[in-house]
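Pasting a structure here, questions to come.
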Amino acid sequence: MSRYFKSDNTAPVAPEIMAALQAANEGYARGYGDDPWTAQLEQRFTKLFERDVKVFPVSTGTAANALALATLVPPYGAVLTHEEAHIVRDECGAPEFMSGGARLILTGGRGAKIAPETLAAALDANPTSVHTVQPRAVSITQATELGTIYQPHEIAALSKLAHARGLRMHMDGARFANAVAALGCAPADITWRAGIDVLSFGATKNGALTAEAVVFFSPEHVADFEFRRKRAAHLLSKMRYVSAQLLAYLDNDLWLKLAGRANALAQRVATAAGSACFEPVEANEIFLQLGDARIAALRALDFEFYDWGASNSGQARFVVSWCQSEDDIEALCAALRELLDRD
Amino acid sequence: MSRYFKSDNTAPVAPEIMAALQAANEGYARGYGDDPWTAQLEQRFTKLFERDVKVFPVSTGTAANALALATLVPPYGAVLTHEEAHIVRDECGAPEFMSGGARLILTGGRGAKIAPETLAAALDANPTSVHTVQPRAVSITQATELGTIYQPHEIAALSKLAHARGLRMHMDGARFANAVAALGCAPADITWRAGIDVLSFGATKNGALTAEAVVFFSPEHVADFEFRRKRAAHLLSKMRYVSAQLLAYLDNDLWLKLAGRANALAQRVATAAGSACFEPVEANEIFLQLGDARIAALRALDFEFYDWGASNSGQARFVVSWCQSEDDIEALCAALRELLDRD
Amino acid sequence: MSRYFKSDNTAPVAPEIMAALQAANEGYARGYGDDPWTAQLEQRFTKLFERDVKVFPVSTGTAANALALATLVPPYGAVLTHEEAHIVRDECGAPEFMSGGARLILTGGRGAKIAPETLAAALDANPTSVHTVQPRAVSITQATELGTIYQPHEIAALSKLAHARGLRMHMDGARFANAVAALGCAPADITWRAGIDVLSFGATKNGALTAEAVVFFSPEHVADFEFRRKRAAHLLSKMRYVSAQLLAYLDNDLWLKLAGRANALAQRVATAAGSACFEPVEANEIFLQLGDARIAALRALDFEFYDWGASNSGQARFVVSWCQSEDDIEALCAALRELLDRD
Amino acid sequence: MSRYFKSDNTAPVAPEIMAALQAANEGYARGYGDDPWTAQLEQRFTKLFERDVKVFPVSTGTAANALALATLVPPYGAVLTHEEAHIVRDECGAPEFMSGGARLILTGGRGAKIAPETLAAALDANPTSVHTVQPRAVSITQATELGTIYQPHEIAALSKLAHARGLRMHMDGARFANAVAALGCAPADITWRAGIDVLSFGATKNGALTAEAVVFFSPEHVADFEFRRKRAAHLLSKMRYVSAQLLAYLDNDLWLKLAGRANALAQRVATAAGSACFEPVEANEIFLQLGDARIAALRALDFEFYDWGASNSGQARFVVSWCQSEDDIEALCAALRELLDRD
């Protein structure tokens, strides 16, 4: 049997969440979110974020991102984001679709992070006039697609620039749990306290079956989100089963335990790989410069993972999931040490 | 505790399906449908329909309908459908959204069914020219939104008219199981053998957690469906959990057992209600002309159901679900007999 | 040479307007509306309508209608309108396109006019909920597509109903001049004084080359119209040539003289046709029940006009343009009198 | 009176074209392109391009570009283009709008030209999968937005790369006349013979009132262009007046005479400016590195032109139009020589 490091979304559902689904499966419940589980969500997220929030469950991270952005940005608007962002590379144009054709304006930046000076330059290079699309939002990912993490002050600096120009801040938190676990901060510290207006709060990659939540930190930003969600066919009739997942995910800090474990295991791999890591390992992803021969050798040992970068770049991505076995990690570390002549 | 007859989507998940979810929750599985459960779907649906089909799981019926129609119809196209159709009344414009702005052209028809002569007239009234939207598809619902059922020859007559003009046939099968169970026919008899090109195969209302499938009966009609599904954020990363539901739904004819039970219970309610039924009860929905006083009396007895028609119409809709208790049915029948002075 | 009664848009450009184009063709002028001709428009229309207005030139009536509606209605919105409306039958779905997929909800009504009770019923039949599209505007045509005219109090009654439910009022004024000339009223009387929020002010059918104007009666309704116009490629770089047409159109009441002449000639045809008119002739269009033989006879006499209604309905539409010759009218009247045995 | 070098679209209409409009203004003509002027277009463009073509007049360059691209690219598609392209910077997202949300993927390149190796790298960096937008077209501008010109072999090299991957080639020819006049080539040499599939053939910037044409070099690429044009409100009812402009534009090589004159005058300015030109002057645009003081000095002398680049870049753009006076050119040359200490 192979050892999977392809993605955290190949992992199964955490037992606590599966148990919650079973527990929710009793009797009737009104549809479309008018049920007791969904009713608890707002209170639970309000407590989690230490602020009144509006929460809307959806079933995919792409839905969360694209619907959130469509709510922030008009069809003739634009979203500034990093060229490595999931919304750019992995959503088949969902943000453009949901928004009615808004544009993604791309920036560079080390570790898939946008630096404040880069954002400032991008804003300067895109002045508004009736002849152009209108920048209206910035979207950042936490943890990023390259496994790095924004510090609270880094987010605050971006938000300050964005808000000063009338843009709103969106965070793609598909791996939000990994970021919070790694930083040891309050969820508020990297969201609204740092100027984030809307968060795509992910759970699917970290132990849920299929559950994400769009969290608005200011009620006025919700606008017509509910119509957009319904119209995009993301208002689930049997909503209780998504809400129950989210509640179980938060219960007893399960989300942080699962993410914390994945992060810690990833650190062990990073230590084994040493300088082969071409990005800092700050969450649960490891990016390695291995060369094609070592990549082939690892595959021969039954490790599954993705190639990275251009063809023949010799780069590979490993993602550690919440349920990765000790044995998998041990095996990967040993193989890397041997292949890299590290001991 | 109240007695629920609001909708079949307020019911819980059938134990067999919940067990299948639990069983699927072992180890890793590749994402986005490249898993063993999804791999079985095509073969299972091909056997079910006695023909090679293409099957695509999604999580809501609205997604199934709107994505299927968007694949059949260009932005400047039109879909002919009944004015009571779910795609018209209950999807917040999802077909328009997914298709890039195609139009729904509405017809009347008893029992929410389109009669062939009505379709012919609608086609005549919408000739094509560069100045108008182009009719490209017909969408019918089986069982209909008023609980009636198309006979195979009725569907075939519509398909013949539609195909002769170059239109394709879509069936909204949110309650497809109820129709097949009631007709006692082969699934093929009311789909491709009767000219249906694409089916939204529903399971959520009949015991699944959240699982629907778009079934194409000709591979060429699939076109760019997969891009549209992804772009609309309906390609689930943990697809195995939707596919596992669908497999369990078909195993041992579970789908027909559940739907057959609901249909049979609905017949008992229809018998109790007698001539108060203003639509024939052919599946699991009962539409009653009760008057406001009897409606209030039923609510006082803790029955939950929807008002129907215009305000003060005195009409009500009752939906019987797969898990409706004998006790609920008995109580409703008794209450109706008493209120309607029938014995 | 044939005698044209097909449409008023087959007529040439009025000499006064052609002269204005020539006069505007001197030297440089800043692009995109920042020119002296466009600068005069707002003042001229403000005077015309006895109220501060915002005016935006575009080059087609379909652009005026669809962009105006897209500004009033969100993608999940709906426009209530008559089933004979140009936006329904002759714009290939432009309103749906420009709005991002909003729906047209259709009503009936004699003479292509919506009666207040019909509008009230349509509003009642389309209550708002997250499951449905949201009615946000009513669109009426003045003069209508059947050559009839709304009286000021009829418009006011519709506006009162619409505004009470939060809907806005749009008027398609492709033949606005014919209506004002026929009613002998102030332009304000059938627009803002009667509750109209936005007007598509047509000139192309009544002597312009290609010139229409979107007139907003309240600045806040303009919203993002300018971005939508640009994005739809309807912001002309050499705007002066459209604005110059509109100015000449209003100069010395040219617009009313041209429309008044067409109306008067249409009356002569109506008199000749007598009871063959199946719609009242109130503007410059005549709808006749002739039978197929008489239709053929007229065509044999070199009259050009459109069939109307279903095939073999025996109905025909004649449109009288601003420049219709006396000779054409005389000939048509004589032919009709003879064919209809009227003398 | 100021001396205008802001844009070629601030110039008036060439007398020959105005005369053609006057000549077309006789009697009735069927609407929507079914007129004698439009009927001649296909033959005239077929002769011009030495190949059977399909031609569709529209009134703006943005409409031509966005409708052409929407015909080539599905909503989930992408267009590779230069970051300086008009479709990127000056159309408020019209390509995204018309296509239903397709993406523009941007490249760099000197002189606003895409180099073959840059295109190859961009294609490699955007492999297709269901998770991403699908590159389907390349759009280049001739002459470019920086006043440079692609040689025929440069276009052919790009087309070869694009076609090999299944992408189609679009050319934004807003200044096509300037390119052909400068190259002294056949129009075919830089279009279909070099692999271009669709051309936006511009006339407005070079003497027309408002007239552009979309030229398809293969009938199968036309696809549903006509529905898209109508739906976007760009099918003019009085089409004869646009077609008449295009015919007059081609008569007696007027288009090449006007463009050739502008190009020649621009060369004189380039000579006067010498090394201050930071882009080669190959058509009718001159880009100068002047410094803020000289820019202010020129403005004080009543020259009108646009700043270029970032604020305080000290760069300016001058566009020479077909009707630029000798006096304007002499004055600009003299001022530049003096300011730049050149003599």
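Letters A, B, C and D mark the chains as written, and numbering starts fresh at 1 in each.
Convention: contacts are C-beta pairs under 8 Å (C-beta built on N, C-alpha and C of every residue); 3 or more make two chains touch, one makes a residue touch a chain.
Because the structure is predicted, anything quoted here is derived from the model rather than measured.
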Identity of the chain that, by mean CA position, is farthest from chain D: B
Contact-richer chain pair [B-C vs C-D]: C-D
Computed distance of Cα centres, chain D from chain B, in Å: 51
Inter-chain centre distance, chain B versus chain C - centres from mean C-alpha coordinates, in Å: 42
Centre-of-Cα separation between chain D and chain C, whole angstrom: 34
Per-residue multi-chain contacts in chain C, two or more chains: 75-76, 91-93, 97, 100, 130-131, 227, 230-231, 235
Chain B residues touching chain A - in the complex, by the definition given at the top: 1-2, 4, 6-7, 9-13, 18, 21-22, 25-31, 58-63, 66-67, 91-94, 97-98, 204-205, 209-210, 227, 230-238, 241, 321
Of chain D, residues touching chain A in the complex: 75-76, 78, 89-93, 96-97, 99-104, 106, 124-125, 130-133, 310-311
Chain C contact footprint on chain A (complex, rising order): 32, 74-76, 100, 130-131, 134, 224, 226-228, 230-231, 235
